[in-house]
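Below, chain A partners chain B and then partners chain C, in two separate complexes.
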Partner chain A sequence: MNPRLDAPPIAPDWRTPRRLQSALLTTAGLGALLFLAGIMLQPERAWGGYLMGFVYFVSLALAGPLFLSIVYLSGATWAKPLLRIPEAMGAALPVALVLGLGLIIGTHELYEWSHAQAVESDALLAHKVPYLNVGAFSIRMVIYFLVWIWIGRKLASLSRQACSGPEGRRRSIAVSAAFMAALSVTLSLASVDWVQSLDPHWFSTMFALRILSGIGCAGMALCTLVLTTLRRRGTMRAVVTEDRMDDMGKILLALSLFWAYIWYCEYMIIWYTDIPEETGYYLLRRQGDWGTLLPVNLIVNFAVPFLAMMLRPWRRSSIILTRVAALMLVGRALDLFVMIAPPILGSEVRLGLWELGPLAGALALFGWILLRALGRSPLVGGEAPAAS
Partner chain B sequence: MHTEPEAANLAPPLIGGGKMPSDVTRDVCGPLERRPTGMWWLAFAGAASLLAIGIAAVWYQVATGIGTWGLNRTVGWGFDITNFVFWVGIGHAGTLISAVLLLFRQKWRTSINRSAEAMTIFAVICAGLYPVIHMGRPWLAFWVFPYPNFRGPLWVNWRSALLWDVFAIGTYFTISLVFWYVGMIPDLATLRDRSRGLRRKITGLFSLGWNGSARTWSRYEMACVLLASLATPLVVSVHSVVSTDFATSVVPGWHTTVLPPYFVIGAVFSGFAMVLMLMLIARRVMSFEDYITSAHIGAMCKVLVFTGSIVGLAYATELFTAWYSGSEYEMFAFSNRLRGPMGWAYAVMVLCNVVAPQLLWSRRIRNSLGLVFLITVLVNIGMWFERFVIIAGSLQRDYLPSAWSDYVPTSVEFGALIGGFGLFFTLFLLFCRFLPMISMFEVKTVLTDGHERAASESDARERSVA
Partner chain C sequence: MTRLAQVGLFEAEEHLLAAIAESRSRGLVVVDAYSPYPIHGIDELMGIRRSRLTLVCFFGGLLGLSLGLWFQYWSSATDWPLNVGGKPFDSLPAFMPVGFELTVLFGGLSTALALLVRSRLWPGKRGSTPPGVTDDRFALVIARSNTDLPSSELPELLRRHGALDVWREGDR
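What follows is the complex of A and B.
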C-alpha cells in the first residue's frame, strides 16, 4: 500500500498546557487593565495601542480561513494534515468582532474625520463624510465581521468534517471561492476604514494589498511557530516532517518577498512622483526617529526572512525556522506601528506601556483562544493526504 | 478492502486515451514529419497576409514620418504603446505556466507549457517592435543601450522608467528564450533520433549531443530548476516595470500606487486568455484532444475567472479611490474615463474583462468549448481596450483645457496593429510546423502508464486463452 495513504498516527500526548494558558490569560487581563488606565491618562496613545492590537488580532484570525481557502482552491494536498491550526485561528473571529465594537467607542480619539469641527473647516474631510462617518463605519464593521464569521465557520466545519470525494471537494472549493470573493471586497474597504483613514487626507490604491500581505506574513509565521513548537514537544512529529518545515520556510520566503514588493512599489511611486496629495504620508514617516524605523521595518520584515529562508539547511532547522517566524511576528507589530502610530503620536516616536499593553493583551487573548480551539479536537487527522 | 474510497480520492488522470509513452512520441512528432495540411497552409496564408499589411504600413510610416499617425501634441502615446503593453501582457502566461506552476507542482501545466513559452517569446518580439517603430528613426534604436559613445552628453537617462523598461523586457526575453530552448533539448533529441538528412543535422546540432544518460538528466534537471528560479521573479518584475512608465508620471489616470500589481494581474489574465484560445484551436487542428483535455481547459478557465475578478476589483478600487481622494484631478480623470469621449471604450473594457469571465463560474459554460473560446476572444479584446483607455484616454484630457485634444487613429496605425497579430500568428504557425508543440518528456511523466489499456489488453488475452 502507498505509505502516503497511511493515516498518520494521532498524537496521544497532546494536552493543552494549562500553565501557558493561564499565563496568556493573565497577560490579556493585564493588557486590558493597562488599556483602561490608559483611557484615563493617555487616551490617544492607549487607543492607538488598541487599534494596533485589534488589527493584529483580526489579521491572525483572518489568516486562518484565508489559508484554508487557498489550500482548497489550489488543491494543495501537502497541507491537509496541518489544517487544524488555521481552523483554530479562524475561531477567534467572533472575539475580533467584540474588539471591533470596542473600537467604535474610540473613533473620536483616533480618527480626525470623526470630529465635527475638523470636518467643517476642512473641505476634503467634508467631501468624505458620506463614507467616513461613525455610523457608516460601525455598520460596515459589523457587516465585514458577519460575512467573515459566517463563511469562515462554514469553511472550517467543512474542513473539519474532512469532506473527501468529489462532492465534498466541490463544496469546499465553492465555499473557499465565496470566502475569497467576499474577503477581497470587505478587506479593501476595511483597510481604508481602520488604518488608511488615520491619515484622512491621504489615499493609496495599494493600501489594501499592504494589509493583505501583512495578513499573509503574520498568519503563516504563526502557523509555522505553532508547528515547530508542537514538533519540539514531540507532538505531530509524524506529520511535521523536515519536508513540511521546508515548505513552510519557502512560503515565509515568498510572503516576505510579496510584502516587500507591495511596500516598495507604493513607496517608490509616491517618492518618485512627489505630489502633495500623497507625499505627506511618507514625509511624516521619514522624519526624525520614524525615519530610523523605516529601514528597520524593511530589514525585519524582508531582508532577514528572505535571506535566511533562501538556505535549504536553515529552512530545515527547527530552531532557525522558529526564530525567523518569531521575527516576522515582531515585524508585523513594527509594520503596524509605523502605519498606525505616526498620525497619532506626531513627529516623536513613543513606544511605551500605553502602546505595548493593549497590543500584548490582544495577542495574548488570541493565543489563549487558539490554544483552546486546538485542544478541542485531535491535532492530526481528517482527510488522508490524497496521492496525486 | 478499502481501496475504492481511496481510488475516489485520487485525482483523475491528466492525459486521456490510455496513452503509452510511445504513443506520445508518435502523436507529437507525427505532424512534424508529415507534409503540412491544407488547414495549416490556409492559416499560414492568412497570418502572412496580415503580416504583409503590417510591414507595408510600418514601411510607409518609417519612410514618411510619425506624422502618418494620429498622434498630436496632447496625445503622444496611442496605438503604438497600447500594442506594446498589450503584447508584453500576452507574454506573461508562458513563464507563469512554466516557472511558477512548476514551483507550485501543478502537473496539468505539462501539456501546455511548451506552446505557452513559445507564445511568450513571440509576444515579446511583437511588443518590442512597437517602441522601436515609435522612435521614428528605428535605425538609431541602439541608442537606448548605455554604452561608451561619442555623443557627448547624449546618454541614457537612468532616472527614467523607460530605460528600465529596456532592461526589463530585454532580460525577460533572454531568460524566456533560454528557458524555452533548454526545456526543448530532450524533445529535440527525440526528433533527431527519428529523422534523417538535413533535419537530423539541424536537430542534432540543437540537441547539444543529448544522450539521455542518467548523468545528463541529473544535470539537466538542475539547470531547469535554476532557470525556473531565475524566471519566477521576472513574471512579476517585467510588467511592474512597464507599469512604472505610467505610474511615475503625474498624469491622473496613469499615476496610481496599485499600478504594478494591477498590470501584472492583467497581464496574467490576458496571457492566459491567449494561451487558452490558441490551445482550443490547436487541440482541434492538431488532434491533441487527449493531451489538452477538459481538465486542462477547466483549470485554465478557473485561472481566468480568478484573475478576471481581481481585475474587476482593481477597476472598482480605482473608481472608489478617485472619489475618496477628493482630488479634483483624480475625480475628473475617472469621470472622463466613464463619460468622456472614450466612454464607449471603457464600457467595452468592463464588459469584456469583468462581466464576460464571470460566466466561467458555471461548470456548464466551462464545458462548452465554443463559449469558452468566445470568452477568451472577448478577454483579449477587453485587455487591449484596457490599455487603450488608460493610455490614450488619460492623455486626451490633461490639466490645461486649452490643450485638450481628441485622438483619431489613422489607417497606418491600424495597419501596424494588424501586423502585430500577423507576426504573432505567423511565428506561432511556424513553431507548430517545426518544433514539438507538446513537451513529450514531461507529458510522459504524468501518464498513468497506460494502465487502462494494459488492463483491457490483459483482459482480452485472458478471454482469448479461455
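What follows is the complex of A and C.
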C-alpha cells in the first residue's frame, strides 16, 4: 500500500533488558582481565588484541557521525526514522579516547619505531622520527579525538533536535561538511599512526581509504543489526518499513563492493609494480597460513554479502539480512586481524584468548554504551516519521 | 479483442491514486499511469509485476565478465604470450580491471537494450503522451477486461475521481 495513506503509528521506546546489559558488562570485564593477564604473560599478543579492539571500537564510534553527515549532505530524508542509532553510536567517542590513551602505554610493545635502538640502526626509521615518535603520536591522537568528539557532538545534537526549515538545514549541512573535511585529514593520519606504522618501512596512499571503507561496512552492518533486532521486538516496526530494510541491504551490498574495490586497488598496484619496499607487506600476508586467510577475507567481506544482498527476497528476509550483517561484522574483525597481527606474530598465525579477549571486551563495551545511549531518548523523534 | 482504453487526466496525485484503487477493485485493467514525479508505492497499487530486467542485467554482466576474462586469457596466455614485468602469462589480478569494466558495460547495455525491446521503442518511433504529464498533470489509462461492464462506465469512473478531461486512447 502507499505508505502515505497509512497514519504513522507511535513506536514504543527501547529498554535494554537487564540480562543483556549485565552480559555485555561481564564480557567487557572479562576482556579487561584477560588483557591485564596478557600484559604479564604475552605482552605483544595482548597489545595486538588491544589494538584490534581499539581500532574496531573507534570504527564503530566514528561510523555514527559519518553516517549522520552523509545523510545531511545528501539530503537523505529516507533515513530520518533511524537516525537515533548513528547518534547513539557516536556517543562512544569519549570512551574511545580513553582506550586510545591506554594504547599510548603499549606503543613500545607494538611499534618498531618506538625502539630507540631499532631507529638508530635504521636510516629510514631515523628519517621518519619527526613524525613517528611517542610524543607526537600521543598529541596527534588527542587532537583527532577532540575534533571528532567536538564536531560529532554538535552533529548529534542538531540531528536530535530534528532541525527543520532552511536555517536548521543550513546549519546541519555546514556542520556535516566540517566533519567530512576534518575527518578526511584526521582519519588519514590516524590510520597511518595506529595501523600502517606497524610496518614502519611500508607505505600506501590507499591505506586510509581501506580503513574508511571498513568503517562504512562495520557501521552500516551494526545499524542493520540493531534495526532488525528492534523490529523483531516490535519497536520501530511501524516507522522502519520493509522497503527501508531492503534499502539497508542494498547499502550493505554497495559498501562490500566499495571495500573490495579499495582493497583490490591497493593490492593490484603493489602486485603489478613489484617494488621491494611495497611488496614486503603482502609478501608476509601471502605466505603460509596468512596466505590462506587472504582469500577467506575476500570471501567473507565481499563475495558473500555482495551475492547474498543481490537477491531481493534475501534482502527482505529479516533472518538472512541479520546473518549477512553479522558476517560483515565478523569480517571486519578478520580484516583487522590480517592488517594488524602479521607484523606482531610473524609468519605464524596465532589466534587465541590473548587476541580475542581484548577484542571481545572492547566490542562488548561498545555494545553496552550503544544500548544505554539508545535507551536515553525516544527512538522516534517529534518529526513526522514517514517523511518521504 | 480490440482494447478500448480510456484515458483520464487528473490534477492531483490523490485523485490518481483513488482512481487506480477503484479501477482495480472493480476488475478493470490499469494499463498505465503517468506522473511528473515518482510516487512511492504506486507500483504495488497498480499491481505491476516485479520487473525481470534485473535478471537481464545479472546475466549480461556475467557474460561481460566471462568474455573479458576469456579474451585476455586467450590473447596474453595462448595466442601471443608476452613477458610483462616477469608476471605469469595467465595473471588473474591483471585481468580484473578489464573484466570489471566489461561486466559494467555488458550489464548496462543489455539492460538498456532489453528495456527498449520489451517496451517496443526504437529510434524514430513516435510516442503519445497525455499532455502535461511531464509538468503538473497526472494521467491514468484503464481498460475493460470483460464486457459485462457497460463501456460508458469507464469515463464515468474517471470523472467521479476528479478527471479534468477524458478521452478514448487513440482519439488524440
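As a convention for this text, the second predicted complex is superposed on the first by the 371 of 388 C-alpha atoms of A that agree within 3 Å, B and C clash if a C-alpha of one lies under 4 Å from a C-alpha of the other, contacts with A are read in each partner's own complex, and residues count from 1 in each chain.
Assume contacts are C-beta pairs under 8 Å (C-beta built on N, C-alpha and C of every residue); 3 or more make two chains touch, one makes a residue touch a chain.
Keep in mind that what you see is a predicted model, and the values were worked out from it rather than measured.
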Touching partner for A:A208 - first (chain B), second (chain C), both, neither: first
Partner chain(s) touched by A:A303 [first = chain B, second = chain C, both, neither]: neither
Partner chain(s) touched by A:L101 [first = chain B, second = chain C, both, neither]: neither
Which superposed partner A:Y272 touches (first chain B, second chain C, both, neither): both
Residues of chain A touched, compared between chain B and chain C (which is higher): B
Contact residues of chain A, present in both the chain B and the chain C interface: 5, 268, 272, 388
Chain C-facing residues of chain A, complex: 1-5, 264, 267-268, 271-272, 274, 310, 312, 388
Contact footprint of chain B on chain A as seen in their complex: 5, 74-75, 123-124, 127-128, 131, 164-166, 181, 184-185, 188, 192, 201, 203-209, 257, 261-262, 265-266, 268-270, 272-273, 275, 277-278, 384, 386-388
Chain A-facing residues of chain C, complex: 17, 39-42, 44-45, 50, 54, 58, 85-87, 93-94, 96-97
Of chain B, residues touching chain A in the complex: 5-6, 8-11, 104, 106-107, 233, 236, 240, 244, 247-250, 255-262, 309-310, 313-314, 316-318, 320-321, 324-327
